[in-house]
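Following are the structures in question.
There are two complexes below, and they share chain A, which is joined by chain B in the first and by chain C in the second.
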Partner chain A sequence: MLNVSELTVDIQGSRILRGISLEVRAGELVCLLGRNGAGKTTTFRSLMGYLRPVSGRISWEDKDLARLSTWQIAQLGIGFSPEESEVYADLTVEENIELPTWTRTCGRPAAERISEAYRIFPKLERYRKRGGAELSGGERKMVSIARALALDAELLLLDEPFEGLSPAIIPLVAEGVAAIRQSGKAIVMAESNLHHVPDYIDKLVVIERGEIIYTGSLSGALGDVEVMKIIAGAVDAEPQT
Partner chain B sequence: MQYANLFLAGLFQAAILFLVACGLQLIFGVQKVVNLACGSFYALGAFFAITAVGLLHQWQMPMIFLVPALVLSGVLVGTVGAPLELLLRPVYRRDPSYQLLLTFGLLLMFQDVFRFFWGAAPRSMDSSLYGIYGTIDISGLQIPVYNFLVIGASILIAMILGLSLKRTRIGRIVRATAENRNMTEALGVNSSKVFTMVFTLGCILGTVGGALVIPTSAASMTMAAELVVEAFAVVVIGGLGSMAGAAVGAIIVGLMRAFAVSLAPEVEILSIYLVVVVVLLIRPVGLFGRSAS
Partner chain C sequence: MSAVFDVISPRIRPRPKPRLLNGVIPFVVLLAGLAIAPLMLTPYSTVMLMPALAFGIALLGMNLLFGYTGLLSFGNAMFLAVGAYVAAAATQAGVLHFELILIAAASLGGLFALAIGALCVRFTHIFFGMLTLAFGMLLHSFLFKFYNLTGGDQGMRVLRPMLLGQDWDMTATQFLSGPFYYYCLIVYVLLGLLTWRIVSSPLGLQLRAIRDNESKARYLGVRVYRLRLFAFVVSGVFGAIAGAMLGVSTGLADPELAYWPQSGNLIFMMILGGAGTFVGPGVGALIFVLLHEVLVSSTAYWRFMLGATLVFLVLVLPEGLIGTISNHLQRRVRGDAQ
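This part shows the complex of A and B:
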């Protein structure tokens, strides 16, 4: 479905991604794991057309995404929930979630998409009329993911969905991610903390300094000394318990 | 009752100023461009309206259609905003000084456009038209009904605009684009289209304002620059980007101007800018502005 090959991206003259290759099949949950600054957000921003690659290909079905603008990529059915959630403060929760049903009218009926979003994040039901500025970090994260879902995307890019959330709310977001996956959508989830990687992922991709250093199963990575050295660093950065 | 007269004259000024300032606010709110050329759109609306009213005469249309004809001519000529928006595209993501230079360039170019099409001398239309809708007697003073129609039209436009932004889908998309253009793109919105639409609407507000002023005063080469000065006072007093601010700012500036012109004409602009200075000292973001956070 999504095929990234040898993707190289510069930001302001410095090389951030160095020939990244990545494949996502329909319905797959892929985790892109890497330390802070490894290049996860840059990868997502390149996939969404915010950054133009220096070289390499990004293909979606048989289209070349690297030539399209962000809105065209969204129209093809790729949903994005950014690291900072980016929920509109000026719109209510309801308006935030419904907006993509107005802009992308192909696919399933709007009502179905909206009710699916609330089914996956039932907590949001109570906040429908609340303004985007009056939400906690966890609620914003849920709105952001629900909104990407309401685009009726076939692939969701979730940038660090658990980052900065309180321990009480992490399970709610995790359940949401699991439910989205159950519904058959493909997900690429960026994560910097090994502890947050769900054990049911289909594929783990480890990124380090703009390069992919591992692609395979989670258990395979846990048994790989070289890979563990790097991702366990992310674990070590957490307070020891 | 001289004051009642001045008050109504001030409200009339405010109604016109509000339309132009509203366009300025809309364009700034969404595109983050301070459109110095707003005065040119106002003047363009005025010059074009004179031509339009001439046609109305020529076609022997009943002059009862004056207000609709003026609004329509403003809307028509305001659509030049759409191609002009293309000129701004290269500077959206650049330093605001480029945007100011470019819109200032537009302001200068428009002066030549006016000279070319309408000549350098002030142009006005048949002054009897001002009284075409009759007058209303307010404590012995004859106030043209036209003034009330313009004040009413301005309030109506404000309400329609406010409600559309608040309640319609396109209005919500415009507000979302204003808040976070990049995110809106990721939700499938072609924000270039939104920009073209908003800029055109902003221009139309200016041209309609210019068209409506024309029964009361002449269209001249200096009106663009004069209006920029007042519109900026409105926006600074009300707060950059705020529609409510545009309304309150327009009323303050409109009333100040009307009273100053009659009571102390030599300090007309000074008095307006005194208010600006006071607002800037007490509340630098303007009465309705949001402080940057």
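This part shows the complex of A and C:
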């Protein structure tokens, strides 16, 4: 589905990604785990065509994404919920979620996509007419994910979906992510906090200083002392017996 | 978009739409007021209102560009000049049907906007504003210097056109305050309804998304460049139509129409009424024209007074008259509800 091969990206002359490779299959939930500044957001921004790679290849169902504009990538069915997850303050929740159904008109009918977004985040149903500026941080995050979902995306890129949320809201967002995954969509989720990584992920990819240092299962990473040193500090390491 | 707005004032920027007074109904009330004005005013006073109609039409397009898409043009007066010179050239060439003149002005204004916009809308912030200003000044220089073609500083005479195929046998004041006034008002109504259709459609939703955050709009599949260009072309078409009307009402296509203070006046009107509200710029145009007439006839320091009004607006009513009244009403409604 999505294949990233030897991706190298520079920002203002500094090398941020150093030949990372990543594969996401249909319906898979992949977690990209790394510390702040490791290159998670840069990876997502490169996948969305916002940053042009120095070298490497990004392919989506045999299409070379590196040659496409951001809006073209979105219209292929890749939804992105950025870390800051700002919703449009001037638009209501309803308008925010409706917007991508007008930009990507292929795929399922708009009504079906919108109702799916509300089904996954039922709390938003009550706030349909509420302005984006009147939402809490957690609600904005839900709108941001629901909006990416309403693109009828086959792959969702969620950049730190739990970042900055109160403990009371995190389970609601987590339930939404789980429901999206159950609907068969592929998800790549970036996380900097190991404790926010859902235990039902299919694959964990650990990134450090722009390089992939681990690809495998969550349990495998928890048992790897070297990996644990980087993502959680040595204290949390659980060496395999 | 912050940089370009902060150049003028950190407080002047397209705001989240006020819920009240932002529908089509206040616009209809404005048009109704303009429709009955000739019945209560002298013909001379009605002619004085003509620029308010023309500027109102130009501002429909400019508000789409700034209030809804977030691009502040410092050179939109160039389209007024395009329209006025098309009217002058057409009437001098014997084409007197005003419908044909409007179509020609709209077409040339649109093509002109397409050519300039193809470059300008690649840029945002102050760069977009400066580029439009530069193109406006280029056109002004062209109109001013190419004397044989444009009449230079003398401009070009705009002859009285035929409306609906009829050659109205009456004095200039009667023509302008009667048939021509209502003709322009009907065009204003039609273009207003067209603009309302745009801003309340999915297209308008995408324009507002671009205004608020173009990066996120791209992430959602919005074709930012194409839609910005669309808004710029609409502003060019409406500006040229307005210019043709201004040319007929003054009887002259003047290079000063393309000069940068004219673009400043358009921005002034938009801010005065409230950018981003549908009816605000139209109200701003009306108040500006009336204020201008009153100040010019009562004091030699009218420019100073207009400047002071702008300062007052920026400091006290940053959302313009309609925006401020609307927010006030909104607060009262909320207060009553609680």
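To be clear about the criterion, the second predicted complex is superposed on the first by the 232 of 241 C-alpha atoms of A that agree within 3 Å, B and C clash if a C-alpha of one lies under 4 Å from a C-alpha of the other, contacts with A are read in each partner's own complex, and residues count from 1 in each chain.
The rule is short, and it goes like this: a contact is a pair of C-beta atoms (placed from the backbone, for glycine too) under 8 Å apart; a residue touches a chain by one contact, two chains touch by 3 or more.
This is a predicted model, so every value here is computed, not measured.
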Combined model on chain A: chain C and chain B, fit or clash: clash
Touched partner set for A:Tyr200, first chain B, second chain C, both or neither: neither
Chain B versus chain C as contact partner of A:Ala133, first or second or both or neither: second
Which superposed partner A:Arg147 touches (first chain B, second chain C, both, neither): both
Residues on chain A lying within both footprints (that of chain B and that of chain C): 48, 50, 69-71, 74-75, 80, 82, 86, 88-91, 95, 99-100, 102-104, 147, 151
Chain B partner contacts - residues on chain A that touch it in the complex: 48, 50, 69-71, 74-75, 79-80, 82, 86, 88-91, 95, 99-100, 102-104, 147, 151
Chain A residues within the chain C interface of the complex: 48, 50, 69-71, 74-75, 80, 82, 86, 88-91, 95, 98-100, 102-104, 131, 133, 147-148, 151
Interface residues, chain C side, partner chain A - complex: 16-17, 202, 205-206, 208-209, 211-213, 215-216, 218-224
Interfacial residue positions of chain B with respect to chain A in the complex: 169, 172-173, 175-176, 178-180, 182-183, 185-191
